[in-house]
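Next come the structures, one after another.
Two complexes, one shared chain (subunit A), two partners (subunit B, subunit C).
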Partner chain A sequence: MDVADVGVRCIQAASRLKSALTIGMCLQNEVRQMRTTFAQNSSRYLKKDFKEDLVVPEDFRHVYPEFLPDPNPEWRNNLRERLERQDMLARRSVINIPEFYVGTVMAVSVADPNASGKVNRFLGICIQRGGTGLRAWFILRNVIDNQGVEILYEMYSPLIQGIEVIRLEKRLDGELLYLRDALPEYSTFPLDMEEEILPDGAPVPVNPVKVKLKPRPWHERWERKNFQGVQDLGLPERFYKRAKELEKPYEKYDLMKEYRATIPEEEQAEIFAEIAPHYPRLEAGRRQRKRRTLTKT
Partner chain B sequence: MTLMTSKDAKCIPHRRLVATRNFINLLPVSTSYLLPAASFQTSSCCHEIQKMTRLRVVDNSTLGKAAMLEGRPPRCIHIYNKKGIGTTGDKILVAIKGQKKRAIIVGCHQNQKPLVPKFDSNNIVLIDDNGTPLGNRIFVPIPTFLRKTLVEMSRPKGADFTKILAIATRFV
Partner chain C sequence: MMRISYIGGSATMISNLLRGCNGLIKQGQGIDILKFQVREMSRVKRRHTVPPFWLPKATRILYPEHTTPQNEDFITEYISDTYSSPLKVEPWERGEWSTKSVRCGLIARKIGIYPMWTVEGKRKLATLLHVKENHVVKYIPPEERSKEKYSRMAAVIVGAESDDPRKFTRQYKSIFTNAGILPKKKLTKFLVTPNAKLQPGTPLFASHFRPGDIVDIRGMTIDRGFQGVVKRWGFKGGRASHGTTKNHRRTGNIGGGGEKSRVWPGKKMPGHMGREHRFLRGLEVLRVNAAENVLWVTGPAVPGPTGAFVYIYDTVLPHLRCSTAPPFPTYFPEDEVHSDEKYAENIHVFSNSSITFT
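The block that comes next holds the complex of A and B.
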C-alpha cells in the first residue's frame, strides 16, 4: 500500500462524502417543505377547540379501516385501543402502508432468515382482509408454476420490509375466496409486474370481471352466497332451489344487526380526532407513492 | 375423535367432531317414539394431512409421475410424529402403486400461520430411507422455512434430508 494508493482512496472518499452531503442537503430541503405543509395543515388540528369544526374525511374508514376497533363489545377496551393506535402511527412513520382494497395486486417484502438475500418478496392479489388494530391482516394469492399459493400477512408486523401496491383496484365483491375454485388464469400475476400508476385524485377503479369457476367440488357452496364477481355457475336447478330456501332476504333490513357491526359516527369522530395531528403525514405518504412512481417513469 | 370422510388430492375438507352434551339420557324412559339420533356438531374444514389422505407428488420421479397420471394418487399411511397430523416438513409413509415409500410434505392446504405459504394442494416429495429424493427436479414452489426444518431433521437421524432443497427450482 503506497502513497499513490492512499491518495486515490482519499480522493474517492472525498467525492463520496460530497455526493452524500448533496443528497443530505436535498433531503433537508424536502423535510423542510414537508414540515411547512404539515404545519399549515395541522395548525387547524392543533387549536384547542378544533374538535368542534373537525370533519371526518369520507374515505377515512375505507382507507384506514384497521384504525376502527372491532364493534364486538366484549373485546372493546378504550385504553388498549388508544395504545394500539399510537403504535400503529409509530409503525406507519417507519414504513409506508399504502391504501389497498380486496382485488388490489400487491407485493410484500418480508425479512426472512431462510431466503437468499434475507428478503423474500411475494406478489399477489388481495383476496381477503380483516382484523383491527395491530392485528390487521390480508391474504395475497398467486399461481406460481401452476401451483396456487396464498400467504397471510399481518400489516403491522415488524418483519415486513415493504408493501407496494402494483395495481390499485376494487372488485365487485368484498372477498375473493372464490378464486380458490376459479380457473387459475384469474389468480395468475407475473412476479415481476410493473407498478401501474393512477392519475392524481382519480377514484379507485372497480374491475367488473366475472370469474369462471372450475367444476364442483368447491370449497364453499358458492351458489348460496351472492357474489357478483362470478359467472353463471351452471348448476342443476335443485342447487338454486335449496339456496333460495336458505336465503334470508330480511337480513338487510335488520337495523340492530347493522348497528352491532359498525362503530357509530360519534365514536369514529373521536377516533379521528385522536389521529388528526398525524393525518396530514399519512395522506402525504399516500400521495408520495404516486409522485415517486411518476418520477421513476 | 375425527370423522373419517374421503379426502382426495384436491383437498375435500374433513371435519372434526366437536364434543357436545348428549341429552338422550334425560328423556323419560316411557316414550314410545323413536329416539332421535345423537346430535353432533362438526368443526369447520381442517384440510389436515392424516392417514388415508390422498396427496400430490410434485417431483419428476417415474413412480410419482406414473401414479399421478393413472389417477391413483398416493395415500398417506403413517406420519412420523406423535400427533398423527402432518404439516410441511414432516416425514410420512405413503402407499403408491402397491408399494410403501417414504415422503416429505413440502406444501399443505391447511391454513397456516402468518408469513407461512399455503398451497392449493397437499404436495409431497418421495424419498428413500436415506433422505435422497427419487426424482431430480421439483417444479412447484416450496416454502423457504424448509431450509431450516430439513437441516434440523437431518441432524439426529444421520440421513440427509436437505437434498430436496438442491432439486427445488423455486422458493416462496
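The block that comes next holds the complex of A and C.
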C-alpha cells in the first residue's frame, strides 16, 4: 500500500460518508495502517543483508528485557551496547538465567564467604525488576520469622551460583511493592518449596489474586496508583476524591512519552539479529527447567 | 603547637609563609596550618567560547554541490587512492625505555559505563573509552618546541577520528600532508621525552596501554550551566522550614566589616559551572579490547558526558608509575598481534565459571 492508494481510498470513503467527522476517523485509520506497514517494510529494508527469514519472536522483549538498552539518548552508544551484550551472552553461557516475571516465585543461590557451606540460598517472590544490560536487577521478597526480608540481586553478578524458578506466573500488576503493606500471608513462601511444573509450550499463567492490605499508615498512597491486584482499600471518600484530582488520564495518549521510553521495533530487530546465533542455546536453557521436571516424574 | 590561619592573599605570599614554617619545623616546633583560600586566579577567564586567533579554521561551509552519482564515485575513489598507500619513508629508530621516559598518550571518546566484578566478587564500575583512528600527525624536537635552555621535552601531535577531506579547509588539511593521513576531527599535543619520538603517520592503538597500567585522564567536565551556590560550591544553604523566609539555598553573608569591608575578589557566588578541563588521576586500566580498540578504566567519574573526547596519559603519580617497560614508544602490530581481549589480574572474566569461596 502506498500514499497514492491511501489518498484514493480516502476520497472514495469520503464520497460515501455524510459527516466531516467520519472522514477524519477514516483518515486516521488509514494513516494507522500505513504506519504499521511502513514500520514492517522499513525494518526489513534497514537490514543490510535483507534477512527475510529472521523474524523477531513476539516475546523477545518480555523474556529478555535487559538486552534492550536504556532509551535515554544521552547514554546510548552502539559499540558500548554491542560489547555489553557480548558480555551478557558470555555470562549466560556459564549460568542459566531463566525466564521470569514480577510475581514469579524464585530461589537464588549466591556465594557468601560468611555462610555455612559458603552458599546462601534465598527463596522469594519477585516484586520488582529493572535495569538494562549488565546492571539488570530484581528484588525477591519473603517473610522469615515474622520479619519481611527483601533482597536485590544483580542478574549478571558472578557471585550468583544459580537462579531457579519455583513457580512461573505473572500478576495483575507490573510491580508488587504493595506487598510491604499487605498481610504477611501474601508474602510468605516456604523456603523448601518444590518446583511447580508447567506443561510444555503453555502460556505463562496470570494469578488474579487480590491482596488484602493492612490498615493505614502505608509506605505509599496506594489509592492513587490504580493497582489491580489489591482488594477494595476501604478508605474514606476524600482519599479517592483527591486521587481523582491528581489523575493524569491524558498520559496514555502521550505518544512522544511512549516513544521516548521505548526502543523502536527496527532497532529491536537489529539487536535480535545480533543475538540470533545464540538464541537457540538461550531458548534451550529457558525450557530446560520444564523438561528436567517432566523427566523427574 | 603553633596555629597559623591565613585567609586571602597571593600564592607567592603563601609559599613564602610555608618556607618560613619549614624553618620552624626543623627547629622542632609543630605547625598546624589551616586551609588557604587563594584568590589570585579569580579574574582569569576559565572558559573560552571562541578558539585562539592562531588556530586555523578547521571546517568549511558545505554548499549543496549537486554532484552526480558518477562524480561522487570518482571523488571517493580519488580520496581512497590518495590516502590508502603509506608514505615511502624510512622508519625511525625506536628509543629505549627508562624509568624517566614519558611516552605519548591517546585521544579517546567516552562511550559508556558498565559494571565489572573482581575475582573476590566486588563490583566495580568501569568507563569504556573508544580509541578511534589515532595517528601521529607531527613530531616536534625539543629545540624547535621551546627556546628555553632547560626544555628537554619533545612534542608529539596526535589526531583522532578521520573524516571526509571535503569537510575541511585547505589550511587545516596542510597539517596532515607530512603524515600522509586523512584529516582528523580532534588534535592534541603530548609532551614526551626525546627517546619516545614517533614518526608522523604512525597509528596508535588501545594496546598502547596494558591492563594493570595506571592512567591519568583529562577531559572537559559536563556543562551544568548557571548554578547556584549550593550545587556549585557545596554551601549548606538555609533551613527548610521553621519560619525561614526565602532563604533556603542562598549564599548568606558575603563579608565582614572593619579594615576589609568590601567583597573580596574570588568570593564564592553563583555562576557558570562545568565545561572546564580537569584531570582525573590514578585510574587503573581493567581491560583492553584490541579488536575494537576499547579501554576499560576504573570508576564512572571520567570528566565529560557520553560521547565526549578525553585525553589519556601515563600516570604522573610517582608511586603508581610502572616499573616494567610498557610498549615503547608505542604498540606496533608487526611486533605482537593482540587480537583477543586482555583483562587485569584481579578482574573476573564473564566467560569463566561463577565465583566460589572455599
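What we mean here is this: the second predicted complex is superposed on the first by the 246 of 297 C-alpha atoms of A that agree within 3 Å, B and C clash if a C-alpha of one lies under 4 Å from a C-alpha of the other, contacts with A are read in each partner's own complex, and residues count from 1 in each chain.
In the analysis below, a residue touches a chain if its C-beta (ideal position, glycine included) is under 8 Å from a C-beta of that chain, and two chains touch if they have at least 3 such contacts.
Fair warning: this is a prediction, and the values are worked out from it, not measured in the lab.
**Student:** Examine A:R286 and indicate which partner it touches, taking first as subunit B and second as subunit C; both and neither are also allowed.
**Tutor:** Neither: A:R286 stays clear of subunit B and subunit C.
**Student:** Between subunit B and subunit C, whom does A:K170 touch in the aligned arrangement: first, second, both, or neither?
**Tutor:** Neither partner.
**Student:** Touch check for A:D112: first (subunit B), second (subunit C), both, or neither?
**Tutor:** both
**Student:** Name the contact category of A:R121: first (subunit B only), second (subunit C only), both, or neither.
**Tutor:** neither
**Student:** In the superposed arrangement, which partner chain does A:R224 touch: subunit B (first), subunit C (second), both, or neither?
**Tutor:** neither
**Student:** Quick one: is A:D87 in contact with subunit B, with subunit C, with both, or with neither? Answer first, second, both or neither.
**Tutor:** Second partner only.
**Student:** Could you tell me if A:E154 is touching subunit B, subunit C, both of them or neither one (first, second, both, neither)?
**Tutor:** A:E154 contacts both subunit B and subunit C.
**Student:** Looking at A:K212 after the superposition, I want to know if it touches subunit B, subunit C, both of them or none. Which is it: first, second, both, neither?
**Tutor:** The answer is neither, since A:K212 touches no partner chain.
**Student:** On subunit A, what residues does subunit B touch that subunit C touches as well?
**Tutor:** Residues common to the subunit A contacts of subunit C and of subunit B are 112-113, 154, 157, 159, listed in rising order.
**Student:** Residues of subunit B touching subunit A in their complex?
**Tutor:** 10, 12-13, 45, 58, 107, 111-121, 123, 139-141, 144-148, 169-172
**Student:** Give the list of subunit A residues in touch with subunit C in this complex.
**Tutor:** 74-77, 79-81, 83-84, 87-88, 90-91, 93-95, 111-113, 118-119, 133-135, 154, 156-161
**Student:** If we count contacts the way the header does, which residues on subunit C are in touch with subunit A in the complex?
**Tutor:** Contact set of subunit C toward subunit A: 111-112, 114-115, 117, 121, 123, 128, 130, 289, 292, 294, 305-307, 348-358.
**Student:** Sort out for me which residues of subunit A touch subunit B in the complex.
**Tutor:** 110, 112-116, 120, 122, 137, 144-154, 157, 159, 180, 217, 219
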